[in-house]
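Shared between the two complexes below is chain A, which pairs with chain B and chain C, respectively.
This part shows the complex of A and B:
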């Protein structure tokens, strides 16, 4: 994961104002989630999270549910395309439009989904700019080090050793 | 608008790591030969190759998507074109053509003129039922399943059986919509 935190540092996004970011290792990411299509959380990592209100499993389920509903919602709201089902009716993967991020006054959530159903979510400081390149970069790392690892069983949580 | 899918795999092919084609061909040949020895029945070997291909396909799809920047695969027609033009180029260094669409647009043929798997290969009389390249159909089936397209893939023509090209018939069985994976009462 050292590789990844390096990549976030090198993205051309303006740094968050001093004192507001996590202050940990110069990294503005708060949390990272990777899900597959079946809602299995393949990877969860947090750098800075002062408050936990749910246990990890509930939290991941809530996050997945949020993304799932938000995607069908954004597709339904699309004013440019006729290609939308009824709200709540399952979409085909990649059908309709999707969202990349949303921002609240305390955090920004950036989201990428591959057509194969891998969802990558980064929760960061709200002042961080577009992270789509970083998300693609994480996807590339996932391909190189997870998918191509012959010992990895597809669909199982990713095990890794964090080196300091 | 989503970025358009690349029209050809040349750019990706130029940037990926490659292995010597003969090493690749011979390694594949050795695998098939070993399977024939181990399983004895030609039908079993076909099945095993298909299963191996499938296992490759469900992983390969992510590498393909990451490197080719394809961001959506909803339309079956478009997807088949991308497989033939980009996928085959990226992983095998050859380009295939798509033709013989049926009226509903749910089945088509992918035709390979050039196939690096079969250099130096001759089928003996005892192996006439062998689909030597069955791993390819497995790969495509596995990869398409990961983008929610259930397909059935059969070999129509095979140069090793004396035809003039390799032809794979792809038939789309159904597209599976995304489902909410958790039950409400959990």
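This part shows the complex of A and C:
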């Protein structure tokens, strides 16, 4: 997870103990979600999440729903195109104006959708700059080690062994 | 975009604002401030009473928070202080429209001057 630390601004957040995996990324990255096009959560991983309002399944459903609505919102809101379709109609990947991140005062959510409908979501510290390259990197890892794995059944959650 | 569409978008934005607070990994989240889409940026400002203002602009524009604060000021001055304005109703106040246009024009001029 070294690529998170490279893109962060100099923030006054307390320095993490070096070497510990949770300390290194826990400062900047909070959660990672990977969804497929049917809304199945293939991977959920969290590094640092003190607040939990819902159970895991509800949380993933809510996240997918939020992305779905935000996608149709941005497609409808887009001031540059005239042909926008109707609000609430499911959009194909790449159709209409999409978004790549949003920021609140406590976190930043970066989003990427591949042409096959794989959605990669990374929740990080709000001061972190553009993460589109990191998301593409994660997508490459997914393609290399998940899609090309002959034992992997498409649409099933990704099982992995965490190495420190 | 017609009135129905803007109402639908407003209610969608309102619920997404609320959901984003629920999904926060740490406490004290106040909802979406900036949404970066492929073709535009959306800056949102929520007043203490829950009224949301958002401005849609070119990607990478700066000082939109200040503009939103100015618009909020205009709203309090020309809408809330208008004795004929009914709360929670669409804004039809001439002075507000006039001053809003002026602020946006000024913003555009200062942009061109840079």
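To be clear about the criterion, the second predicted complex is superposed on the first by the 136 of 164 C-alpha atoms of A that agree within 3 Å, B and C clash if a C-alpha of one lies under 4 Å from a C-alpha of the other, contacts with A are read in each partner's own complex, and residues count from 1 in each chain.
Here is the rule we go by: a residue touches a chain if its C-beta (ideal position, glycine included) is under 8 Å from a C-beta of that chain, and two chains touch if they have at least 3 such contacts.
As the structure is a prediction and not an experimental result, all values here were calculated from the model.
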Chain B and chain C placed together on chain A: clash or fit? fit
### Task
Once the structures are superposed on A, label A:95 by its partner contacts, choosing first (chain B), second (chain C), both or neither.
first
So, A:117: does it touch chain B (first), chain C (second), both, or neither? first
Thinking of the overlay built on chain A, is A:65 touched by chain B (first), by chain C (second), by both, or by neither? both
Of the two partners chain B and chain C, more of chain A gets touched by chain C
| Touching A:31 in the superposition: chain B (first), chain C (second), both, neither? | second
Rounded in steps of 10, the angle in degrees at the Cα centre of chain A between chain B and chain C is 120
Minimum Cα separation between chain B and chain C after superposition, in Å, equals 7
The shared contact residues of chain A with chain B and chain C are 65
Listed in rising order, chain C residues that touch chain A in their complex are 1, 5, 8-9, 12-13, 15-16, 19-40, 42, 56
So, in the complex, the side of chain B touching chain A is made of residues 58-59, 61-63, 65-67, 70-74, 146-148, 175-182, 186
Chain A residues touching chain C in their complex are 30-31, 46, 48-51, 53-54, 59, 62-63, 65-66, 69-70, 72-74, 76-81, 87, 97-107, 109, 123
Chain B partner, complex, touching residues on chain A are 37-39, 61, 64-65, 68, 89-95, 114-118, 136, 139-140, 142-143, 147-148, 154
